[in-house]
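As written, the chains take the letters A, B, C and D, and residue 1 is the first residue of each chain.
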Amino acid sequence: MSTSEREITFGEAVREAISEEMRRDETVFFMGEDVAVAGGVFKVTAGLYEEFGSKRIRDTPISEAGIMGVGVGAALTGMRPVVEIMFGDFMTIAMDQVVNQAAKLCYMTGGQARVPLTIRTTIGAGRSSAAQHSQSLHAWMAHIPGVKVLIPSTPADLKGMLKSAIRDDNPVIIYEDKMMYSLKGMVPEGDDHLVPIGKADIKREGTDVTIVATSSMVQLALSAADTLEQEGISVEVVDPRTLSPLDTDTILQSVRKTSRAIVIDEGYRSYGVTGEIASLIADEAFDYLDAPVKRLGAMDVPVPFSPSLEPSTIPNEAAIISAVHSMYRDVA
Amino acid sequence: MSTSEREITFGEAVREAISEEMRRDETVFFMGEDVAVAGGVFKVTAGLYEEFGSKRIRDTPISEAGIMGVGVGAALTGMRPVVEIMFGDFMTIAMDQVVNQAAKLCYMTGGQARVPLTIRTTIGAGRSSAAQHSQSLHAWMAHIPGVKVLIPSTPADLKGMLKSAIRDDNPVIIYEDKMMYSLKGMVPEGDDHLVPIGKADIKREGTDVTIVATSSMVQLALSAADTLEQEGISVEVVDPRTLSPLDTDTILQSVRKTSRAIVIDEGYRSYGVTGEIASLIADEAFDYLDAPVKRLGAMDVPVPFSPSLEPSTIPNEAAIISAVHSMYRDVA
Amino acid sequence: MSDDIEIVQPSSDDSELTHPREFCAEMYRKMVTIRRFEEAVLEIYQQGLMPGLAHPYIGQEASAVGVCTALRDDDYITSTHRGHGHLIAKGGQVDRMMAEMMGKEAGYNRGKGGTMHIADMSLGILGANGIVGGGMGMATGAGLSAQMRETDQVAVCFFGDGAANQGSFLEAANMASIWSLPVIFLCENNLYGEYTSHRDVTAIKEHIAERAAGYNMPAIVVDGMDVVAVYETTSRMVENARAGNGPCFIETKTYRYRGHHVGDGNPEKTYRTQEETDLWKTRDPITRLARRMVKGGMATEEEVSEIDQSIQSAVEHAVEFAKQAPFPEKGEVTEHVYV
Amino acid sequence: MSDDIEIVQPSSDDSELTHPREFCAEMYRKMVTIRRFEEAVLEIYQQGLMPGLAHPYIGQEASAVGVCTALRDDDYITSTHRGHGHLIAKGGQVDRMMAEMMGKEAGYNRGKGGTMHIADMSLGILGANGIVGGGMGMATGAGLSAQMRETDQVAVCFFGDGAANQGSFLEAANMASIWSLPVIFLCENNLYGEYTSHRDVTAIKEHIAERAAGYNMPAIVVDGMDVVAVYETTSRMVENARAGNGPCFIETKTYRYRGHHVGDGNPEKTYRTQEETDLWKTRDPITRLARRMVKGGMATEEEVSEIDQSIQSAVEHAVEFAKQAPFPEKGEVTEHVYV
């Protein structure tokens, strides 16, 4: 393993992961709407077409259900497709192929079928893109057995996890927060940087409160932790990185140490990621908890367009800090 | 309101609700695959076609996404469609129209659009129908703001809630457990029996443990309660009936009284209904709890076909009883 | 295949306008309003006054205006992400549209929808739509509703060449046809879906309209840069639909002069050629109609430029109105989730 | 529309069989195997030995066998809820199928899939499918995979008349065509989707094959009760696909003698007529092939009934095998969620 590092963006991490895996394994190919010549609407796959050509970097028709089906079929028969669904909101159109086919084929066939399909899609509000282009619907997939669900928060994790996803023999979906594509971070040099699927990461160590945060919420949690440190509250930030299978040990260990937990995710608050993780903690760390587990998620409203409304629907640093404060009040 | 009662089945409750509302309001109509002459694959809508004819009881092509779209369009323009999606598993095909259109139109248009659309679909395993015909995917919809989610457990609730759904000006989805269609129960006479949306029901009063159970799990919880009573444990069974909007007050009141709670739902255990309700209780009744909140859901595996495997994937009475026992051990 | 398609012969630019003066002037006004509105949108985007992105309709005006002129106020349309033209043509007010684009409370949707969701239920505008192909079923449902309520309303489903590859088209076309619904599938073929040529992703011999035959409905191809031809074609099919004869498919051949969205600055440097754009601009629908009106003695050059002036100032006023308008109150964020 | 469709002329039952004896006998054996297998399924259902429901293929045998006989072992098929016929025709073993139907560990899927999910990856059987229209994209993906791996494999996508109304068809057909993939869309038109006549829900002039023209691919209609015609037609199109000439659409006109599923006991009392069923039975594919073989001197009546006998006992043996086979161990319930 190489030890030196380079700074790249979240978006560049996508491109590097795909191109390295495509060089390594000729059965890997990439397809989606406007991903080739145009390099994708977020431009994160720019350059792949020039290197690999139109066979392996493939522009598709606007047919989300169809391209997902094509991905499943190609994966079943010896290829390793990477399928891009431009906005996570459009996954609504492709759900059958992922949920009823890809996720179940190995099980339903008694282990015969392999579906080494990687799905890349986006989450995240904050661009005034309104209700149909701003949802973070990853909880849906985490609810479904048979598909692995990744939700990286840094360029290094994204690159290493996307590469692991492509090499995995199971269907894997990776959610990229579109607001983070220009976020920079250090990534190990070389094409052997892999981050294991199913392993959480402690993004900051602390002793008083555990914040379990996903994707862009990790950045928020880290800056809230800086602020809270000045008040003398030491925050540990745990990034699950994989929602399914979930690394419950790392989360529980942290909470058993700190005795307080907050869970933050940008999906809708109700019936989503935070409920799962909070109830896990509340159950398995019951005797350790000094305060109820708090949850922060997107407000349960369709994402509004107006810049006067949209920001208030997403968790922010102030909300995290006040949630932490409330945990001390609650028991005081 | 009439006070006398009659015994009908869960399936008959569907038919009565639709036919009464169709008589009452000529803008109500019903469509789905094989729902007319054939009376639906579960035969629960038999007879409607004979009374209302092929215009208002409409057989559709096999086009789940399309018929949902037609439902949305008709609802926007003065009709009150009731759309059947035969198996809840097929909702995967129609998600865009429900989630990105129906659920958001009122909000996105600043209150202009009304979408009085009722969606009926099924949940429930146990018929050896395998992985694509046995899922209980209602948690997905409960995760989405803008659509009301009903999950009745008795003929009276089903009838009264389906009628309320049809009269509601919002999109409402009602999940019927296909294993319960022949379940019998008393229903108030007359066509004015309505059950309010958003109101939980205490299906059995008790003092020691609260079981929050949905749909067919209510029946299981009731019989577990009988068994536990003989051991001297008094169980209160709370049926939320509506998942969204959730009647948190009734649930919390019960737990504050009993100090112990179990949440049971037939959806996959992870990232589903039980996580939401359990984390709600663990947070808002934190100081009242004598034991961690336990959760029971479907095993996180695609539903297997073999009768030697399938039953073990669904919560059963023994599992409920042992969960209750564990709550006493945990604190002992 | 093309045997089954009616190709409307392009009307010569020299041929006389057979419609009344005011009628032609109104179509002209609508087209110019769209053009100026979109130019203003590009401007406010540059100035940072419009949050998000928008998809300009410039170049395609004849399609929206020709179609909507054939409709009544109580007819329905479903629109797309590139919806401003459709909305203005169906009667949408530019000030409330502009306010919506800026996220203001005076906007059609109280600022909650933005460019991709503008709707006016009172004008039968069931909404722009951010989901490509998302309006197919909805338009069909509106047609079903009209049929069941026994009105003679018609529903027009606007969609692009790209959207023709969404399965939702098959399902909607099939249902509209078996139930003889008053639905017009109006495919605006502007040659591209985002940055991809329709030729590369659309299996057809020559016209997207070829797909209609598989659903047993009439299919027509018309010059989408000729507002009169689009109007006449649509009118004929609207009559047909009102009479209970079922759906049809109309493909308007058109072109967007600008990029896919306001931020796609120079398509000619990437996915299309300058020659192509220049060629299409020679068929400009606004210039063509103006020329014919002047030639036919319906209006003088001065009268035409008076119209232009008055629209220019109406759009300026709309921008000013939108700028001044307040944002929605913070508390509104939780309103309208349910009725 | 029908101009664009090739209607294969039905071969006369008196015409000579031009294929080798053993070749014809093998098709005959396959058809009889399907028939006997399905009869056995009905029986074990009656006896309560099969959990759940199954969809009998009886009557449609010529379609599966004609098609799959034109394929190689390494070609792919995607099947449907009514999949037993396709699987047997592609080489599936009746004992492992029967064991699967009873939920036994010796089944193709270790009892975890049941009738609607039987697959044999080693034979290119990518699986039966419980989702109507669910295999369209998968077959197209298998075709893409073959093309990318530069093999000359072909993928056949079986689907019903009902499935032709799922949007997934449009999307798959479009992609297969633009990329010239070796995919054959094989529509088995048995006149009904569940309890609904395809006429009531399918907007076509006459043939579902009409829809193929909209995707610029050849479309052929063939008598699905004539195994030789189906074989010859498919063979031709398989050659074409192997040669890199892209996809095609074949509609086999066929009929299921039984109800939609094993529990749909008497369709003639509800959604179809006795006359219709009787008429189709006069075209029975098995009887027809037997008659032609005997007439052409390829086999004596005795030889034919020997084949029948041996198949009967093979199927009986399969049922016995399945009955005796153990259920999967309880612990297996959590295996195979992931590879």
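Observations on the structure shown:
Convention: a residue touches a chain if its C-beta (ideal position, glycine included) is under 8 Å from a C-beta of that chain, and two chains touch if they have at least 3 such contacts.
All figures in this text were calculated on a predicted structure; none of them were measured in a lab.
Comparing chain pairs B-D and B-C, the larger number of C-beta contacts belongs to B-C. Among the remaining chains, the Cα-based centre furthest from that of chain C is the centre of D.
Rounded to whole angstrom units, the spacing between the C-alpha centres of chain A and chain B is 30.
Here the spacing of chain B and chain D, counted between their Cα centres, is 37 Å. For the pair chain C and chain D, the distance between C-alpha centroids works out to 45 Å.
If you average the Cα atoms of chain B and of chain C, the two centres end up 41 Å apart. Shared contact sites, meaning residues of chain C that touch two or more other chains, fall at 109, 111-113, 117, 129-131, 134, 165-168, 170-171, 174-175, 178, 200-202, 337. Looking at chain A, one finds that residues 60-61, 63, 65-66, 89-90, 93, 96, 100, 107-108, 130-132, 145-146, 300-302, 304-305 touch two or more other chains.
Within the complex formed with chain D, the residues of chain A that make contact are 27, 29, 55-56, 60-61, 63, 65-79, 81, 96-97, 100-101, 105-114, 145-146, 148, 169-170. Within the complex formed with chain B, the chain A residues making contact are 65, 89-90, 92-93, 95-96, 99-100, 103-104, 107-108, 130-132, 137, 139-140, 142-146, 243-244, 246, 267-268, 270-280, 282-284, 286, 289, 291-295, 300-302, 304-305, 330.
Remark: chain C residues 51-53, 103-104, 109, 111-114, 116-117, 129-134, 162-163, 165-167, 193-196, 200-202, 270-271, 327-328, 330, 332-334, 337 touch chain A in the complex.
Of all residues in chain D, those touching chain A in their complex are 76, 78, 107-113, 117, 119-121, 126-127, 129-131, 134, 136-146, 148-149, 155, 167-168, 170-172, 174-175, 178, 335-339. Those residues of chain D that touch chain C in the shared complex are 1, 3-4, 165-171, 173-178, 200-205, 210-217.
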